Every structure is written in C-alpha cells, then in structure tokens.
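Some notes on the structure that comes next.
Read from first to last, the chains carry the letters A, B, C, D, E and F; within each, the first residue is number 1.
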Amino acid sequence: MSDIQQSIIIRTIVRIMIPFILLFSLYVIMHGASGPGGGFQGGVIFGAGIILYAMIYGIEEAKKKISDKANRILASGGLVLYAGTGLLAILFGGMFLEYGVIPLMPTTAYTAKILIDVVEIGIGMTVLAVMISLFFDISPPETEEDMHIHEEVE
Amino acid sequence: MIWILDITLLLFLVICAVAAITIKDLLSAVVILSAYSLIMAIVWVEMRAVDVAFTEAAVGAGITTVLFIAALARTEGRSED
Amino acid sequence: MVTDNIQSITPVLAVLVSAIASVLILAFGRYPNIREGWTFVAAFIKFGLVLSMLPLILAGKTITYTLVEILPNIPITFKVDAFGELFAITASFLWILTTAYSIGYMRSLKEHAQTRYYFCFAIALSSAIGIAYSANLVTLFLFYEMLTISTYPLVAHIETKEAIDAGRKYLVYLMGSGVALLFSTILVYYYTGTTDFAFSGIAGLALIPKATLAFLFVMFMIGCAKAGFMPLHSWLPAAMIAPTPVSALLHAVAVVTAGVFTAVRIILYIFGVELMKSSGLWLYMAYFVSITIILASIYALSQNNLKKRLAYSTVSQLSYIVLGALLITPHGITGGMLHMPYHAFMKITLFMCAGALIVTAKKENISEMNGIARQMPITMIAFTIGALGMIGMPPAGGYVTKWYLLLGAAELDQMILVGVLLISAVLNAAYFFPVVYIAFFKEPDHELKYNEAPMFMLVPIVITAIISISFGVWPDAPGFFYDIVSIAVANVTGGI
Amino acid sequence: MAGIIDIVYAEYNYWIYVTLMMIGFYAMIAKKNLIKKVIGANIFQTAIFLFYISLSDIKGGTEPILLHGETSTHAADIIYTNPVPHVLILTAIVVSVSTTALALALIIRIYEEYGSIEEDVILAARRKLNPEFSEYARQSEVDSQ
Amino acid sequence: MTFDIITNNLPALTVIIPLIAGFLTPIIGWINRKLCWYHVMLTMFIVFLITASNLLTVINTGTIHYQFGGWAPPFGIEYVIDLLNGFVCIIIAFIGLMVSIYSKESIKKELPGKTIPYYSIYLLLVTGLMGMTITGDIFNFYVFLEISSLTAYALIAIGDRKDGIVASFNYLIMGTVAASFILLGIGYLYAVTGTLNMADMQNILPTIYDNKVVLAALAFFMAGFSIKVGLFPLHTWLPDAYTHAPSTSSALIAGLMTKVGAYAMIRFMFGVFTPAFVIDMTRMTEILTWAAALAIIVGSVLAIAQSDMKRMLAYSSVSQIGYILLGVGLANVIGMQGGLLHILNHAVMKSALFLVAGAIFYRTGIRNIHQFKGLGKRMPVTTTVFLIAGLSMIGVPGTVGFTSKWYLVLGSMEAGMWIFVLIILASSLLNLAYFWRVFDNIWFGHPHEVEKIKRDEAPLSMLIPMVILAGLCIFFGIFAYYPLHYILEPLSNMLLGIGVLP
Amino acid sequence: MKLAALFVVILTGAMLIYAGQDLPAFGDSESPAYQHRMTQYFIENAESESGVTNIVTALLANYRGYDTLGETAVIFTAGMSVLMLLRRREL
C-alpha cells in the first residue's frame, strides 16, 4: 500500500465521489440522443470510476464489487443487446438494425429514439466492462502468486 | 473564431508531441501525451466537434493514460532514447 | 488416308491399372508375396488392355477419350495412335519382365523399402503409358512430371549420400527441363490456341516468325532432357547408382524411352514433317544429335563400370531414334521409330545381364570379368546378343534400324550423317566387343563354377534375348512392331 | 511571399497535422523503446483524426446538434458543421485505444520474458537464444537498409 | 415467410453470425469449456453454407446489395456481394471451417487454459476478414480491418512464449502504420468526394482524377495494403509472425490474412478507382508487377535458406503473394484470372502446409527440417498431405499450383513481359529446391536414435481437415474449369473491361 | 536506421504536402464533403427519422449503426486479447 492509498482523506473523497461519477456516466449515456455524449463516453467514465476505486482500494477489493464473471457478462451482454436489436429488426421483416420496422412505438422516429438508447446502453455496458478488465489485466499484480502464474499455466 | 488561440493551441500540440517522443523519462512522456490529447480535445471543441472532443478527453487523456501508467508500473520507467 | 476415330475408355483403364495396383501394393506392404502378386496381376492386365487395342490400330483407326477439361480449352485427353501404341506395348510388356526380374534381384540382395520400390515402379508405369497415350502436350506434360517424381525415389533408393546426390541431379535436370517443356507448351498454346498432337503438326505454328520457331524448337528439345541429349545427359550415368532393375526401367521401359518418345512426338506431331523440312530445323538438329551419338560412344569407351558404359551407350543410341525422326523421309522415320522398341529390348537385355552379374558374381567392373562366361554362360550369351544388336549386326534387330537410318540419310544426300552412323557403329563395336572378349576368352583369375542367376532373373533375360533375335530374323512379322511403325509413318508423312 | 503566408495562414491546421503525423510516424519507426513506439502511434493516429475534424469544420457553423424545436423552421438559416467525420473519428478513437491497450499488453509480456523494453536488448537476447535467428536478423537488417 | 426473412438477410448474416457467436463464446465457455469447439465449428459451418448460397445467388442472378438499417447508399452502409467478394468469402469460410475442426486437439495441447478467449478471438478474426471482404462501404472496411488486425495480433502473440510476442508486437507496429495509411487514404477520398460508398465514389472519382489528393490516396492505400499482404520490401513482419504463431493461427492467418489483403488491393484498385486510372494514368499496376516479381524471387530464395519448417513456409508465402499480385498487376484478362485463381489455390495449399507443420509439431515437437527423418513412416497420412500440397506449390500438373501458373505465364506472354515468364518458371524451380529438401528428409532415412519407427499419426480431428485440403489441391487442379468458367472469367472481364461494379 | 526512418517519414510528409495543394480549404462550406448530398441529408432528416437532435448520435447509432457495432466489437476484441495475454488465473 502506497502513501496515497493509505491516505484516509483520499479514500473518503473517492468513496464519496464514485457514486457521482457513476451517476454522471449514466447521464452521459442516456443524454447521447440530445447532446454530446453517448455509450462510449459514458461507458468510459463509468469504467474510470471503477478504475479510480481500484487504484485506491486495490484491485482485489474492486473485483469484489465487479467480478470477472460480471465483467464477462456485461461485455458479451452489451454486444448481444446491440446485435440482438439488429436481429430483432430482421425478425420483423426489416434489414439488420432497421429500427423503423419494430412496432414498439407509434412513430418510427420515436421507436428509433428508444432503440438508439437501448443500443447506447449496450455500447456502454461493453465499454465499461472492457475498460475495467483492461485495467485489471494491465495493472501490476498485487499478490506474489499472480506474479508467476504464467509459468504454471503454460 | 479566434485564430490566434487556434494557432497557439496547435503549436502547443507540436511542442507536446516533440516532447513526448524525446523525453527519456517515460512517465513524463506519458503525462505529456495526456496533455497532448487534452489540447487536442480543446482544439476539437473549438472546431465544433464536441462529441469527438468529449471522447478524446475521456479516452485519449483518461483511459489511455491510465493504461500507459499501469503498464509502466509493470515495466521500466526509463527509455534509452 | 482416313483414320476413323473411336471413343473408348480402354486407354484410360490401361493407364489407371497400375495406379490402382500401386494402392494395393501399399496396402499389402507387409505381405511381400501378395504385394508382388498385385504387381504381376496389374502388369498382365495392363499388357492385355494395351494389346486389346492393337487390332484397331492395325486397322488404321485411333482411339480417343477425353477425361476432363482442366482449364478451358485444355482437356486431359487420351488418344491411341500407332506411335503411342508402339511405346505402350514396349513398356507394358517389359514391365512384366522387369517385375519378375525385380523380384529376383531385390530378394537376392535383401533390399530395404521394397514396398516403396514397387509402389513407385507401378506409378512410373502408369505415367509411361500416360505419356504414350497423351493426345496433347498438357496431358503429356502431366505424365512427364509424374514420371520424374515417381522415379526419383527409385533412383535414390539406396539412400546413401551418393545416391541422394544422384537423385538430386536427376531431379534438377529433369524438373528443370520440365520447366522448359512447360514453357514451350504454353508458348505453343499462346500462339496457336491448341496443344493437340496432329499427324501433320499444328498448322498454326507455320505462321509464327522463324526466329521464334527456332527458339521454340530449342526450348522443346531442352524440355526433352529425358532423352539424354548432350549436354543434358549427365543425370543418366549418375542415376546408375540405383538398383539394376531401376536402371532397366530408366533405360528401356520408361524414362529415356519416354524422353525420346516425347522428342519424336514433338518433332513429328507438333512441328510436323512439312514444317521441319521447310524451316530447315531438321538439319541443324540432326547435326546436333550426331555430336551426341559420337561423343557418347567415345565416353562409353572410357568407362570401366559396366553399367556406366551401358548408360553412355544409351545416350548414344537414343540419339539414333531422334535422328531417325529428323530424317523426315519415310525410311528415316521408320528407322527411328523402329529403333525405339528394338533399343528397349536390347538394352534391357544388357542391363539385366549386368544386374545378374552383380547379384551372382558381385562384379560391376569390366576389368574384373575375366572368363565370367564360364560361370554364367546363358547370361553372357544373352549379353552378346544384345551387344550385337547395339552394334548393328545380325542376328539381333539393330541392323534393321541402322539400315533404314542409313537409307534415310542417303536419300537426303546427307553424307555426313551417313558417315556419323558408320563411325558410331565402329565405336559401338569398340566398346562392346572387349566385354564379350573378356568374358568368353580371357582366363579367369581363379576357378569359376557354373552358377547362374536365380530363375526369376534368368527367365526375363532369355525372353528379351530371344525377342531381340526375332527382330533381326523376322522383322516384318505380321502384327509386329514393323506393321505398327509403318502405319505411324504413313500417318505422319501423309502416306507417301 | 504574401501568397505563401496566405497559404500558411489559410491552411495552418493542415501544416500542423502533417507535422504531427511525421513526428508520430518517426517515433514509430526510429525509436528503440517500445513504449515510445506506442506513444508515436498515438500521436500519428491523433494527427489523422485532426485532419478529419478539420475537414468537418465549416466557417460560421455550429455543432451538429439540432437546436431544439426550431429545426423545421430555421433549418435553412443555421449552418451545421459536417457530422460525418465526427462519427468516423469516434469509431477511430476507440480503435486507437484498443490497439494501444493490446500493444501495452504485449509490451508487458515482452518485459516479463526479456526483462527489457528496448528493441536492441530484445534483439540481442533473441539472437543469443536462437542461433537460427541470427541468420534471419542479419537478413532483415540488410532488408531494412 | 420465415424462410424469406433468412434468405433476404443472408449477406448481413454472413458477418453477423460469427460476430454474435464470437461474443457468446465467453458465456458458452463459462457453462462448459468443451462446448466452445462445437459452437465454433457449428458457426463456421453455417457461415460456410451462407457464403456458398451467396455465391450461388451471385452467379445465378447477379450482384447482391444489402442495406443496413434500410438506409439507401450513400447514407447508410451497404453490403455488395459480387463475384469477387463472393469468391473470397467462400474461401474464408471454408478455410475457417477446416482450421476450426483442426483446432480442437491442437489448442488443447498448445494453448491449454486459453481455449475460451482463443475461440472467441478466432470467430472475431473470421468476422473481421469476412466483413472486410463483403462490405461496399469504405469506412466499414476500415472498422473490420481493425477487427481482423487486432485478432491477428492476439492470435500470433499467444504462440511461442518468447518469440511470438515480439513477432506480434512488430506486426502490430507495422499493421498500425498500414491501418493509419489506409485511414488517411479514406480521409483523402472522403475530402474530395464527400461519400464513403465505394460505388458512389467510383462514380465521382473519374471527374477529379487530375486532383493530387486522389493520387495521394491511391499511394497511401497501396502502401498500407502492401504492408498488410507482406509485399517484398515491406514483408519483414511476416516471417516471424507466421513462424511463432500457434499452428492453427499460422494456418488461418497465412491462409487468409494476406489473401484478404490482396483482395482489398484489387477491390480498391478496380472497385474504387477505375482500371483506367490505375492502369493507364498512374501505371500503378505496372509498379505492382515489378514489386511482385521481386517478391517472387526474393521470397523463394530466402525460403531455401531456412531450416525451420514454418519459417520456410512463411517465406514461401512472401513469394506466393507475389504470384497473386503479379497476375493482378498484369492487367489483362488471362493474367487476372491467374492471380485470382491463385488466391484460392494458395489459400488451400498454404493452409494445408501449415496444418501439416502443426500436426508434426503436435506429435513430435519438431520444427527443424533436418530432424524430420523417418517421419514418412511415422505419420504417413500427414506427410502425404504435405507431399501433395508441396507438389502443388511447385506447380506439378494435376495440382492447383499448375493451373494458376499456367494462367500467369500465359498472361505474362500476353502482356509481352517475357521477363516475368522467366521469373515464374524460375521460381517454380526454387520452390522445388526448398520443398524437395523436406521430402527427402521425410521419406528417406531413419532417425538415429530410434530403431523401429512406430506409426503415430495425428488425431482424427486434425487429419480430416488436412486430408480435405489436400484433396482440394488435387480437385481444383483437375477441375479448375469450374471456378474459372463460372467465376473468374466473368469476374476478370468485369474488373478490367467494364470496371464499374454493377 | 534513424536516417532510413527519417527518409521514409520525409517521403510520407512530401506526399502529404503534395496532396495538400488540392485539398479543400479549411472551413470551406463549398467543399465536396460538405456539398455531397449525404451530409445535407443527415442534417435535414436526422430528427424526423431517428428522433434525436444530436446528428452525430443519429449517425452513430442509426445510419451508420453497423459501424458502431463493429467498433464495439473492436473494443471487445481488445478486451479479450489482453485477457488472453495477461490473464492471471484460469478462466
């Protein structure tokens, strides 16, 4: 544990800030339709929030909040949500990703708006999951056994 | 549009880029790269590409830098050139 | 002369028989008797199939079968005509004999990798018959390459460094020349749009510039390195490292015969008699092969190893055949074509004798063979018959072909060529008679007991020797090679 | 002279991005340090993005976000900047960060195996490790010169 | 009705199915690791069927257009399947299927514990290649190019512990340069045309051919793709990458990556720019032929110098890519057919060869050619496959190598470039030289330490794909008529004659 | 090596500068890219067809939604690849 990680002030501030960061990221994702932002930016910010947590509280601690399994489901799930929306359009007799054919809302534009949000959420899920897992993988291992895992596995 | 500001920012970009590839301390280089991305984001806002600027700020200046620093923590911090 | 064309799958079957047999040989590799049984069965079936087409050929018909069109306009087609049949009969008949001989030879010497040997042998035979029955250059090229590849393991059979080097040499020469053959094939296709053999040559070739034509001809002749022209001959003596039946295969059954066959095919069926004459190419080439005839004979004189001496003799004799085709008169062509089977039978006799000497007396060098005829009289008599044929003396068939060749050369007023033929006959005598003399009349170094080669080897030797004599005694027996040749000659010369 | 200044002035961001691209590209090829190479790649790609964004900008235009409720009536009065390059670059940025992440992962693995992130050291180590390689390395050096 | 839904969307499904399957792989692997292989194989099989159906439709009824989201081009992204990419797609799907079957045992041994990400990335690589091939939108092309590149880096990096990573990193740097060049080229074209749709672009471009930007864009594309295909002076990443990747990755990447790169080169030259521009105005094709001829010779010569089997095959790839590009660069119908046919041929041959190298490595752990002695008896089927594919590389008639060589030589003659005739023929002798060395070692001689060689063949799931590929080497050597007549001849005419894709 | 790199870089730069002469001027509303019907179509129809006011979002998630799917796949690929390379535990 470094000095920064031990600093009670920083730990407290981070703990307080993280909900706001996550909330902001959700706002960015949902706000993509009418202003700057979208799945990407939101996903990255969400990921950054978790990464911040992991930096201060340690990766092991962060993994308790968002486990590898959850990560994997989020990453795959986001994409399946996106692609599934496209496939749904096919099922309703349209082209892939043709939102207009899905009889979700009275007007095509409105349906498209809803589905664009769905798609953005899908992107957000994948991006946040991947960003987190990238950080977990790239940052230095914390325990001794993790250090030398490669020799045993291969 | 204020072209003086524009040019100043763009010149900063060049300075940052040159610094990022010449500085031998890799951590500094990465931080300068982050600054480069941030300036780039500002340039883009100035060019009215807000979405892109937002992304660049979050991805280029944020996540990329974090990944670089994490990678540096596992390797070595100095470069021969 | 009208030739009726018959569609029949028989030529394909004749080609495939040994390919199918090769699979069976591989499958029964662990049981030598069954394995060699298959070889025999295939050899007989093959000969039967080849022979079954003979009556039609003698009736002046041709048989064709198109297997598949590999590229637009480029089919794999088989066509049986008199000339092809000539080669096919020779090769398929000699396969029976070499099989018997191989069994004797390989078992006596307890050679390794016999399955591979029989397998490759069978494939080589398929390729040889394929070459004989090819209807166009591409088909011919296909089998030509197959023959090279399948005989490589036979040449390098004993797997010593020397053998592998010889194999490499063999491969480099033959594959390299194969590239030249491919190139000229594509060139013919490029200029004329066809590669089919025709009795009067490909008509379109007459239209291309003379320099290009000459270049094409040279490329073709380089492509026929299997025919052992100098200076592309040196693979042939090197390949003598292989077991003797393989040498027999190379020299008589398949490889070099395929080479000269291809050369003659190209001269007569691609260029055609008329074009050869009008372009004057025949004369240059005739002089060129004359050099080979003389030089190879001189090389042969200096060889002490019997097989090597025979190898150089082959180089020289092959050029007779090509010379015959170049002498673009009916007599000359008859001589050349007839020399192909004659040479095959006589040379295989000689090689099998040499093999018998190796197996029984363990002797390869001529200088060690003092009085060997006392030990192996039958073998040496057969050898003498073959040698006489090579020199061009009765009773073996050589004198018939030489006569025709001389006639052809004389008709064309080419006294130089006549001289070459005569000189070479003298040279042939000069390198064969000493062997016969040493074997029969020199006192042996130590006491020799009567001890012939095993029956499997001896019987083939006797058969080929007898057939060689029959060539000389009764050359124009009905249905025999002379009849086939005369049809082939009539085809290419337009029945002059 | 005035003409050149005009050109430089009118196209200043163009000159800048060419410069940036060359800086990044040079770092990618010539720098021996692997991290520096990746930094160079980032600079190079970002410079290309700058080119795209410059392309999209229109003098006197506004952000490509429709002014709410007034689109139908005032659409003709407002000039929006070109949104297409923005979309392309959003995608390209993500691609770029993905490449960077993968490159960093590779660098970490290289460091674990060779204990260095300097190209020379790695090359020397490979040569020592694998005698066959030396032949190839000489060849590739010849190629690159 | 339901059937209609599927048939109407087949072009999209070609790419979507492996894409979604790739996303689902981690989840499936989480349920049961063993399911992954079945999942991948099934996916690849379906994709193969779809590509086959696409190709048949194209042959029978002409080009297929598919608009994503129902947005007509140039507003939306369009998939255009014509003969060219229909042909390349089916090759991708088929090789992908074969390698996926082979992967089962090979991965178990070479990459234990990495199966799940491996299969996921495998499917994504196929997706990337397929997407690059099938798309009619220039930026969509870039996106899928990046998918395929990233997956390829990853698949190479997991090979040999030490060398694979460095090879992958070098490839990554080169690949990033290439991708950046391509992105720059796309930007240039967009700047002067304002569109991203290839067909639309081809309509606009002829009016502005004197624009320097267009020329620069072409130059950047060619530079980028030359790196991607490993054309001679830019091939330096290729040998290491192919050598040190795991066997399956080598087979897939060597068999497909460079082919798709070559496809992209053809598509951009003839489908975005026009033949008139690349052939007459800029003489790009002529430059390409010379580079290709150089690649043929240098690749073959360097291959002779190698003693590592995979490295030898890698250098041979450098030379074989030369064949493809030479044929294309000749810019006449015959040469073009030869080049395009060689895409098919080389994919089949090289995949088979790399699979054989993998099988030998799997059983014996040997990669050095000089240690191959006695292998012919130990692994008869594998080595026979090697023999067939090797002869095919040499160009023996009756195998695929012969047919393309025939066309290339004929095309060179047609173009009056006799030097290329010479180069092609010489290179087949060089090929002979390096393959025969291996044949000698395999079929002759005994290993020194072993007295009696036991038969020890690779597992069935590895043998089947190899045997099928070897069978295809012969099948297309004999029945080359079919691809040529139905696909390549009209295709070459289309690329050169009319130029504009319908 | 450095010189060679410099040479390549300068060559590329020369190419860029050569092409730069014909590039549309910065901020030019007459540039082909802006004048092409595609751009105008998006500006006019984004809201009525997609229901969003941010044209970039409309393009990103609707008109060129397929690109975005591909781009997300790139991210996913990167995640998977890094996982495979640096994985610390058995998955």
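Just so it is clear, a residue touches a chain if its C-beta (ideal position, glycine included) is under 8 Å from a C-beta of that chain, and two chains touch if they have at least 3 such contacts.
On a predicted model such as this, the values are computed, not experimentally measured, just so you know.
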Given chain C and chain F, the chains that contact each of them: E
Number of hops, chain A to chain E, where each hop joins two touching chains: 1
Pair joined by more contacting C-beta pairs (D-F or A-F): D-F
Relative to chain E, chain with the most remote C-alpha centre: C
CA centroid of chain C to CA centroid of chain E, Å: 44
Mean-CA-position distance for chain E and chain D (Å): 27
Distance between chain centroids, defined by C-alpha means - chain A, chain C (Å): 78
Distance from chain D to chain A - Cα centre to Cα centre, in angstrom: 25
Residues of chain F engaged with two or more neighbouring chains: 16, 23-24, 31, 33-34, 38-39, 42, 47, 53-54, 56-57, 60, 62, 64-78, 81-83, 85-87, 90
Sequence positions of chain A contacting 2 or more other chains: 34-36, 38, 40, 75-76, 79, 83, 86, 96-97, 99-100, 127, 134, 137-138, 153
Multi-chain contact sites of chain E, meaning residues that touch two or more partners: 19, 23, 26, 68-69, 113, 139, 143, 146, 150, 153-154, 157, 161, 165, 190-191, 196
Complex contacts: residues of chain E adjacent to chain F: 19, 22-23, 26, 29, 68-69, 71, 74-77, 113-114, 116-118, 120-121, 124, 127, 131, 137, 139-140, 143-144, 146-147, 150-151, 153-154, 157-158, 165, 188, 190-196, 211-213, 215-217, 219-220
Contact set on chain A toward chain B in their complex: 36-38, 40-41, 44-45, 47-48, 51, 131, 134-135, 138-140
Chain D to chain A touching residues, read off their complex: 63, 65, 68, 90, 94, 101, 104-105, 108, 112
Residue numbers on chain F that touch chain E, as the complex places them: 15-16, 18-19, 21-24, 31-39, 41-42, 62-67, 69-71, 73-74, 76-78, 80-81, 83-85, 87, 90-91
Parts of chain A lying in touch with chain E, wherever the complex brings them together: 69, 72-73, 75-76, 79-80, 83, 86-87, 89-91, 93-101, 153-154
